[in-house]
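Structures incoming, each one as structure tokens.
Look at the two complexes coming up: chain A is in both, with chain B in one and chain C in the other.
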Partner chain A sequence: MTTSDDSKFAFPKMDRREFLSTTAAMTVVAGVSMPQLAFGADKVVKIGFLAPLTGDVAAWGKPGYDGCLIWADWVNAAGGVKVGGDAYKVEFVAYDNEYDPAKARAGATKLIKEDGVKFVMMLGGDTWPGVEKIAAKEGMLFSTLLPSDLTPETKTLLAPCEVHPIYNVTGVEWMAEQFPDLKKAVICAQDDALGKPSVATYLAAFEAAGIDVVDDPLFFDPATTDFAPVMTKLLASKPDILCLDTCYADYVHPLCEQAFQQGFKGKIISCTMDFYQKVIEKTSQEFMEGVIFQFPDFDDPALNDAKVNFQKPNEFYAEYAKRYGESEWGAVSWEYASIMDLWADGASKAGSVEPGDVLEAMKAGGKGKHAFGTADWWGTELFGIDNALVGDWPVVVIEGGKAKIKGFKSIPAWWAKHSDLMVKHFKALGQMYNQR
Partner chain B sequence: MELLLQTITNATYAASYMALIAVGLVLIFGVMGVINFAHGELYMAGAYSVVYLYTDLKMPFFLAVAAGLIFVGLLGLVMERALFRPLRDNPLGGLIASIGFLLILQTVAVLGFGVRMEHVPPSTQEKIFLTEGVVLTVQRLYVIVATVVLLGGLWLFLRKSKFGWALRACAQDPEAAALQGISLNHTARLAMFIGAALAGVAGALTAPLVSPTPHMGHAVIVTAFIIIIVGGIGSLEGAVIAAVLYAFVHTFVTTFYDGVIANIVGLSLMLAVLVVRPTGLFGAKDRA
Partner chain C sequence: MPERSIRLGQVLAFIALMAGLVLLPHVLSYSQQEVLVFLVINVLVVVSYRLLTLTGEWSLGHVVMVGVGAYASALFTKKLGVPVPLSMLCGAVTAAAVAFVLSFPLFRMKGFYFLIGSFAAGEIIRLIWKRFTDPFGGPKGIKRIPGFPDIEFGALSIDFFEPVNYYYFCVIVVGLALLILYRIERSRIGLTFHAIHWQDKLAESVSVDTFRYRMLAFVIASFFAGLGGALFAHYVGTVNPKLFDVEQMVYVLIWAIVGGTTTFYGPIMGVVALTIINEIVLRSLGVDEMRPMFYGAILILSVLFLPTGLESIASKVKAWFAGSSRDKTATG
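What follows is the complex of A and B.
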């Protein structure tokens, strides 16, 4: 029943016939003029994002999620992912695992059973063991940034973007070519699933390059807050090279500060140098000049090379900087988005978003379109399964306060020459797939 | 020799900020009988005061540190009035309330500043070369000097002033102190303000050295508990000596052996003291 008061909200200047005809016309116009949006909105595929969004390791989760939101906005605005004649809008469902295996297990269960996701992206590392069983049981397709999580038992886990820590060999190889006089290195890392395989990799790369590691690798407790003693020990042997391994950003920054304060004059090499502008602020541009690491800023012109498969890297970086701030760009800002490129490609080829179909399509032919060029599915010798996508990787150097790509080096080419060294050091640190 | 001297320098700095935190924790326990689990978050609040005032608002560093000291001291007063006073007869309730407050402070920090670590530029990059190759940055020297001044001042306050006597009297026997006309509420407020302010100033002074995060209090509170157990719960002198002992053991083991082993050695030190002397090095009788 409509009261007189209600009637004032019921289109007082339009009779029922006009209202119906206008609405019908608008619907037709919308359907004709925006077919992709209307079509894409019909189907939605949910993707799980199961990574640390808070806590010490958030720097390798949160910026990646932020990058995924840009990816989703762009893909959805373009009509969604085309799969077997349908267009799917992509929706990310995030779960903060706080880099805790138990929370990762709870998150994986929720994402798969409650949210109905078709693919789950993880950082991996210490959180993967919490998820491994449910991944195998459900047959869900997972990705990790850390191929050291791979084992032959979990066939649905892929490392399609990062071949951490294997790509670290490229930085060492480049450094040895450019600075042949640097011969004494020291290395430190937090004592965890990220630090140890990376140490094994650096030890192999240094040995291959003829660089002596003059002291045992220094493993520090992840709860360390004062890095002065750590740096004092590292610098005691007067090294030419200070290797910061795959330390988290929360450790890389104070380690660099301590190296600066304790007067280190040599070369710093690190897997990551997230938020390096902040380190420069706390040390000096001169001190940080020439620091070598592995993760470019995506405004780098070198990424416009035809072989690079990441879509519009410079525009992606500009959008990221606009949304979140330039200083928020980190190692993983682009990585999860690049995994989504591979997943979308696989889903389109498969004509399905079902995990098994997409996995098969992604690995078809043994090659994939990695962000930095066509790459091979590889890994049996080190991980027991060819589920890591490996190809070229950039070497990045800080010059004039800005990260610049100095070149792309081939990981498979290094592996062909020095695989025995890598296996030796992985075994020595208990990091082979059958030792973990 | 160079390595040895640098390690001693590093340990002196570590002992300084640990002593500030541990003494505050002991003072609160000694006078109020409450184990304040939120003490690490008071340290964090001091650090974020500097993030906001010094880094964001560009206030002079020492003014920001002083403001941090007062702000965290006031937070202590809020805790005393809202949490610990209503639960004075229920020590377990006080402990649980402090855990709740800890979570509130962490959440406020996350909401206000985000989950990422903050970057506080050093107020100075000057260094002092104690001998060739042995460096003490002036930023670290500030912490050492502030600790000596503040703890020296606290010692004089407790030993020489009327308010200090009142605090010690309440710590020894609250009922007898009340019968002598000493206000328990007033002494509890005073203890909470001083204890919290010491944690806050430690956080504020070390903010440029540690990259503050909302969860930075966790590691600190664990270390502080080890120190006060080794020193003897309730003993201020014990807390200072245990902080020096722990810092030197931890720093030397880290430098000459391994950082992971250093933590094990620190815990072993606590266990050894508990086995040999369950009341800690300085016992619990001589509170405050």
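What follows is the complex of A and C.
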């Protein structure tokens, strides 16, 4: 038997420290210099995911990326996206922009110039201005979850899934129909780019529903960690309705806890209630019973309705829960995946994966297959451009500790009746596209 | 003879550094060039911060001063139509002027109280940006800030939206700023800053007006921080209050602590090393979501094993070279 020491092919003697340092250096060098491996001989289209994966806003990036990975696995297992005569496998390339416009700029250049992506999905908001010029220069197709990024100049930016915060009108409309005795509301929001347009929307929706907002909206600093005084102030006017606007999960949870501890007995309405099981654990099932928000769990049977375009929603939820845990399901878990459905449909129609062709195909005919049904490309009056896809949106209520869809309400129908109110409140808070 | 060889060595090192700075962007990828631009700006931010620490005061408002420069420069350009190069200077001057005004309440405090006071002052400024949508843009900040104008020389066209071109511009501006900061530290004023740090009572006893010198350090540091902010604003094209919050300040503190603040180059080593690890190495390894954990681990390890910062490595290398050259002289 030959040992490594007496073999003529033996490695030179190396002590433990040398071995560790060499291995570490090799790992780093390999990681830095090795190109990403592509799928065998199949055609591959790369899609950029430029959103916060770490930091305060990661809850609106990371679960979406996880959802995209399921989407890609399913689409690739089914043979890929059919484009022209070819089948393309989809590969996601993620870049954590930490919700920082400078990092978003670096990420966008990497995705476009180095990774060769054909479409970039973003959360948007504070990060979009760092990318806007690159998007225009490169003619790259981008999507945002926040249509407040849209302006007449953002021609290659689409809001094809979530027309935040306009869909919040559906929750208020449903609540006013079901609980006509609730007449006094208070609103709070973090003082930032997400909070303000959402407050304007809720103010319009409450006014349309004949609900009084009894105090000025309370804007708290995003650095707030103690929500006891915020809630005390809100509850001082004894409201029937506590509106949590579009607060981040890190604020919604302590706000609900405080409302519970300070004995609030009315109705809570919120844009999101991400990881609501954790809120129930911190408060009680009874307290959270009847809370209204806008983002369903995708195991809801109501999503099997024929008009819903999202592919296999219940199976998607089950797979998500299996991979990442049921409590990790959040508002955006399905959204980026649903945008990919639209993109794939557009690419198939265009017979091309090139950004300009796909954009044209997606917007052709003025209608698109939104996750919750066929919807219209809309937005000129609020955003200066028809790049937001608007149709029906679900109203979700917690019942027995579980989110349940209570119905779908039409955003365009609400808009047709109350657009003047929305424009009025958007203007008052400086949220119109020509004021931003 | 040894002195001449040391000087020759310094000249060669300087030439090598310049050549390295010129060639560096060409061996990097496009996105790494973007990171490089921000790195150069951050070098100015952290070195200007060190100037303030020379007087013994650690501020939590330095990043807000970066923001003052960024906001002011953006507003001078957008609202008053001031040309970008001039508005950058105006932004820096505005940051210095704000620091001058803040000096009066802040330097009534020292040590921990100054630290808290500077944080409060910074938060007041940030809240003003958020509260007054006109002109500061509120929580969304200011968008579509004009970039540095392109230069056209006949057939030669320099587009400063391109990271390589803006990098060279930043290297020149930051290089000049570092030279000035270095000369200040080596001057009588710099020595007085050190004296105030270590023996402020003794300095006062020999007629040094410690308030004025602390104010001077704060104003100069804020001027260069503001210049860094202006460079940032006209490159990224947007500023908002969140970009200058205490979280960003913690990064500046980490760069300074990991690099060390005893020497001029210590904080530079800190910001360069940590930026490379965070933005290049960890991203390349595809561990985006775990970067904060790695970053934290690196910080803890560096504090445990390099308590005086990365600069101590450079000092050891220098001492080793000095030792070997002494040995050669002795044996020769």
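Simple rule for what comes next: the second predicted complex is superposed on the first by the 395 of 436 C-alpha atoms of A that agree within 3 Å, B and C clash if a C-alpha of one lies under 4 Å from a C-alpha of the other, contacts with A are read in each partner's own complex, and residues count from 1 in each chain.
We take it that a residue touches a chain if its C-beta (ideal position, glycine included) is under 8 Å from a C-beta of that chain, and two chains touch if they have at least 3 such contacts.
Not measured: the values here are computed from a predicted model.
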item: Superposed partners chain B and chain C on chain A - clash or fit; value: clash
item: First, second, both or neither for A:374, with chain B first and chain C second; value: neither
item: Touching partner for A:133 - first (chain B), second (chain C), both, neither; value: second
item: A:54 touches, of chain B and chain C: first, second, both or neither?; value: both
item: First (chain B), second (chain C), both or neither touched by A:228; value: first
item: Contacts of A:191 with chain B and chain C, given as first, second, both or neither; value: both
item: Partner chain(s) touched by A:304 [first = chain B, second = chain C, both, neither]; value: neither
item: Contacts of A:109 with chain B and chain C, given as first, second, both or neither; value: second
item: Partner chain in contact with A:62 - chain B first, chain C second, else both or neither; value: both
item: Partner chain in contact with A:253 - chain B first, chain C second, else both or neither; value: first
item: Set intersection of chain A contacts, chain C complex versus chain B complex; value: 53-55, 58, 62, 191, 221, 223
item: Residues of chain C defined as touching chain A within the complex; value: 29-31, 34-35, 38, 127, 130, 133, 138-141, 143-144, 147, 161, 163, 232, 236-238, 240, 242-243, 245-246, 279-281, 283-286, 288-289, 291-292
item: Chain A residues within the chain C interface of the complex; value: 27-28, 31-32, 53-55, 58, 62, 94-96, 99-102, 105-107, 109-110, 113-114, 126, 129-130, 132-133, 137, 191-193, 195-196, 221-223, 430, 436
item: Of all residues in chain B, those that touch chain A in their complex; value: 3, 6-7, 10-11, 13-14, 110, 115-117, 119, 121-122, 125, 127, 133, 135, 137, 140, 208-211, 213, 215-216, 218-220, 222, 250-251, 254-256, 258-260, 262-263
item: Interface residues, chain A side, partner chain B - complex; value: 53-56, 58-59, 62, 191, 218-221, 223-226, 228-230, 232-233, 236, 249-250, 253-254, 257, 261-263, 275, 278, 281-282, 284
